[in-house]
Amino acid sequence: MFPDRRIVLGGLASALAAVGGEAAETAVEDAARRSVARPATIKRVFPAGPPAAILLYTLAPDLLLGWPRANRAEEREFLLPDVGGRPEIGRITGRSNSANLEAVLAAKPDLIIDVGSTGPTYVSLAERVQSQTGIPYALLDGTLARTAETYRTLGRLLGRERDAEEKATYAEALLAHIAQRVATVPADRRPRVYYARGPRGLETGRGGSINVESLDMLGAVNVAGGTGGGLATVSLEQVLAWDPEVIVTIDRDFAAFVRQDPAWASVRAVRDGRVHLSPKLPFGWVDFPPSVNRLIGLIWLGKLLYPALFPEDLVAETRAFYRLFYHVTPSDEGIARVLAGRG
Amino acid sequence: MKHRSPLLGPALALALLLAGIALAFSLGRYPVPPGDLLRILVARLTNTPSGLPAASEAVVLQIRGPRVLAAILIGSALASAGTAFQGLFRNPLVSPDILGASSGAALGAVIGIFFSLPILGIELLSFAGGLLAVGLVYVIGSGLRGGDTVLTMVLTGVVVGALLGAGIGLIKYLADPYNQLPAMTFWLLGSLAGIAPADILTLLVPILGGTAVLLLLRWRMNVMSLPEEEARALGVATGPLRAAIVAAATLVTSASVAASGVVGWVGLVVPHLARFLVGPSFPRLLPTAAILGGAYLLLIDTVARTAASVEIPLGILTAVIGTPFFIALLARMRGGWS
Amino acid sequence: MILQARQLAFGYPGREVGRDVDLALTPGRALALLGPNGGGKTTLLKTLLGLLPPLGGEVLLDGRPLGSTPVRDRARLIGYVPQVHLGTFAFSVADVVLMGRTAHHGPFTQPSARDREVAAGAIDRFGLTGLAERPYTMISGGERQLVLIARALAQEPRLVVLDEPTASLDFGNQGRVLGEIRSLTRAGLAVLFTTHDPNHALRVADEVATLRAGRLLAHGPAAEVVTRAHLENLYDAPVREVGSAPNLAFVPDHS
């Protein structure tokens, strides 16, 4: 195998820079410990998938080439007008590629970033795309706990360390706060939560799946967490046997019918009126896409699970988050619409 | 193969079904003791309060009960349709989806999920997809002149089925990978986890209607399994009769797939099991296959919902159980499809 | 007269196999259709059964055009005995013969007691009672042919049409089946059968029609049509006569 010319050159350049003293670093280590050459100028960045697009938008909306899927009108309302409407460019994620590599090249990106898993599949995908296109491809960690680190790495890659530090600090403080508050709750007082997806509400995330990361951060007991794995279907009878105290869902149809359905009526969460529909504008608050959009969802969910521990004003927090991360200042009416779970 | 007393086979199938019902009602992830189970059922029948917790009542009457009924209905529907098709196409390796009913229904459902329709919308689109697919195959198949009508129809079904499969692939490819794609995958693997009491009503009409037509035509199916010219010489208007059988079988298959997702193997394996019990003559074979199909899917679904805290997809269980069973059957059946 | 063909042209859509055929079938008499393979015998048979529409001329069943007679009515007048085949499913002999009653009950009804009685009678007549519960796939070729004849009789027809009834049988079974065909005419039925063996035509048929390349070469009483001169013309090969009437037979000559 040939040594990557960019890395060699990059190493040479950084050696020269070190001699020269003050130029910016030219190779950055990504989350998979790969050395990614940092282009001299970065004007256009290609996001490999939805989590990358969101992360990039929050830090450097001007560099975002487009979206894996075009945003709908009600989503664009909470995004910068000129950026939210940028075109659909597909995604690069293994076999289900919907972005043609030639089209990726034609978009003339200076850098490709991917946020999510940093496992061997994605490392090899990154290497392949990088060698085929000659465009540096950085892999970043998509888990909530690593948000601050991910922002700092992206900041170094893009040369926007100061903006990145702002976001990283927010994430760090938020996560530290939550961990501190949750630590005061004894194990037997942790709420038992069922996470419902799908129109019938019978899809759920098992233990350790990225879909229920928010629940884990908040110390809630995921009733389906007994077995590890990704998404799975369960029976309603199983849900009844679990008898969760709280149901969190991302499906509006399910949230609507569960309150009238006689079969669900005897589930404790339904009886107690503790079925909560996650906000999803412009991006989901608890699950998908699994990116920094979930940070604000932690406050929302924290207030629902531990009302006494989370005295924050949700409207004010939402406005602050949207201002800092989405670069917009939504009206009270807009925030009300978000909180109602519309979209 | 010798066939014993004419009533032994159906009696055995019926006994299996009744045992299956008893087993299915008493097993589940939510524990309901047998005594409570009986009290709830009796209270329901006599319309008096059972005095038991609402959750136990909901489990028996809203969740387990409908699911048991749906498994029986769908199992018997798929087995009847499979039996009818094996006769009609004179091929014991045919299953109810040979003319594209399952692929059509699957495409309809996947489109429904893609557009985030409510459940009823997804089910209706799926049902319509199954009917449309078979209608299309039928029109194309009868439009192609010459040759063996039955063979032309089967080949058309295979080709159209492949096209529909590509359509499913396209929709999955376009789907939102975080929300819709898992829903589609789960749906395509088949499950009765989502069955609600309302589904029983929507299932009942097409399945009972279609199965009744098939049962009424059961004697004629013997004749339809002969070469076409022979059947006509025996006085059967093969064209209209074939259309009637295909329509009835498609009705029940599409309704089943719309409610349960794609559940393979039942329509292929159960007819053989029934033939083994009562021989190939449809007047006895068809009712036996219907009963046996209900029992078979009921038992499989009971495993699917009790073996683990998460559901095991039906499509996977039926394949895992069906494959070795079918291989054993092939080994036994060297002397023809008795 | 039960079945009559007048100036019949037959074949498949867009492909005529034969033409100018005039035939008539009458009760108590057997007509043999004799000719080389590929001469159009089977196609003509299918047209006379109404399985193929005539390309020209007409076929009359009981004085009515065959095409406008519902299939069910046809099946009550014409019993068809196809060439022996193994079906897909191993129906019992009794079930196969009972299928002959299909035209006598409605599409949604099951065979009646009388249907079963008639079928049992047909089985008995051919000495098949001992085989009644055996799978049709597990009896000998000759027995299978007899089962199919019994099924045709269960239709209670006035005409029985047999397609190459002896073609796939061994020597002994050929004689048995020919004898049964003879007995059909004695019972007052009209019989039409195809064969490529002139001796079978001579033994069993009252009348013989010879068919080659879709045309009738000769048509008349068996003794007049099955002659050395006619046969040499029909098969385009030398033929030798063996013995003399009533034990006359013909064999291919090779010298």
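Labels A, B and C are assigned to the chains in the order they are written; within every chain, residues are numbered from 1.
The working rule: contacts are C-beta pairs under 8 Å (C-beta built on N, C-alpha and C of every residue); 3 or more make two chains touch, one makes a residue touch a chain.
This structure is a prediction, so every number in the text was calculated from the model and none was measured.
In terms of Cα centroid distance from the overall Cα mean, chain B ranks first. Chain centres were defined as the mean of their Cα atoms; on that basis the chain farthest from chain A turns out to be C. Note on chain placement: the centre of chain B and the centre of chain C lie 43 Å apart, centres being C-alpha means.
Averaged C-alpha coordinates give centres for chain A and chain B that are 41 Å from one another.
Distance from the chain A centre to the chain C centre is 80 Å, each centre being the mean of its Cα atoms. Residues 28-31, 53-55, 57-59, 62-64, 67, 113, 116, 118-119, 122, 173, 176-179, 182-183, 186, 191, 193-194, 196-197, 305, 308-311, 313 of chain B are the ones touching chain A in the complex.
Per the touch definition, chain A reaches chain B in the complex via residues 50, 69, 93, 96, 98, 197-200, 202-203, 206, 224, 226-227, 229, 231-238, 240-241, 243, 250, 253, 261-263, 265-267, 287-290. Residues of chain B touching chain C in their complex: 1, 3, 87, 90-92, 145-146, 216-220, 222-223, 225-227, 229-230, 232-237, 241, 275, 279-281, 283, 335-338. Residues of chain C that touch chain B in their complex: 12-13, 46, 49-51, 70-76, 78-80, 82, 85-92, 95, 99-100, 102-103, 105, 107-111, 133, 135, 137-138, 155.
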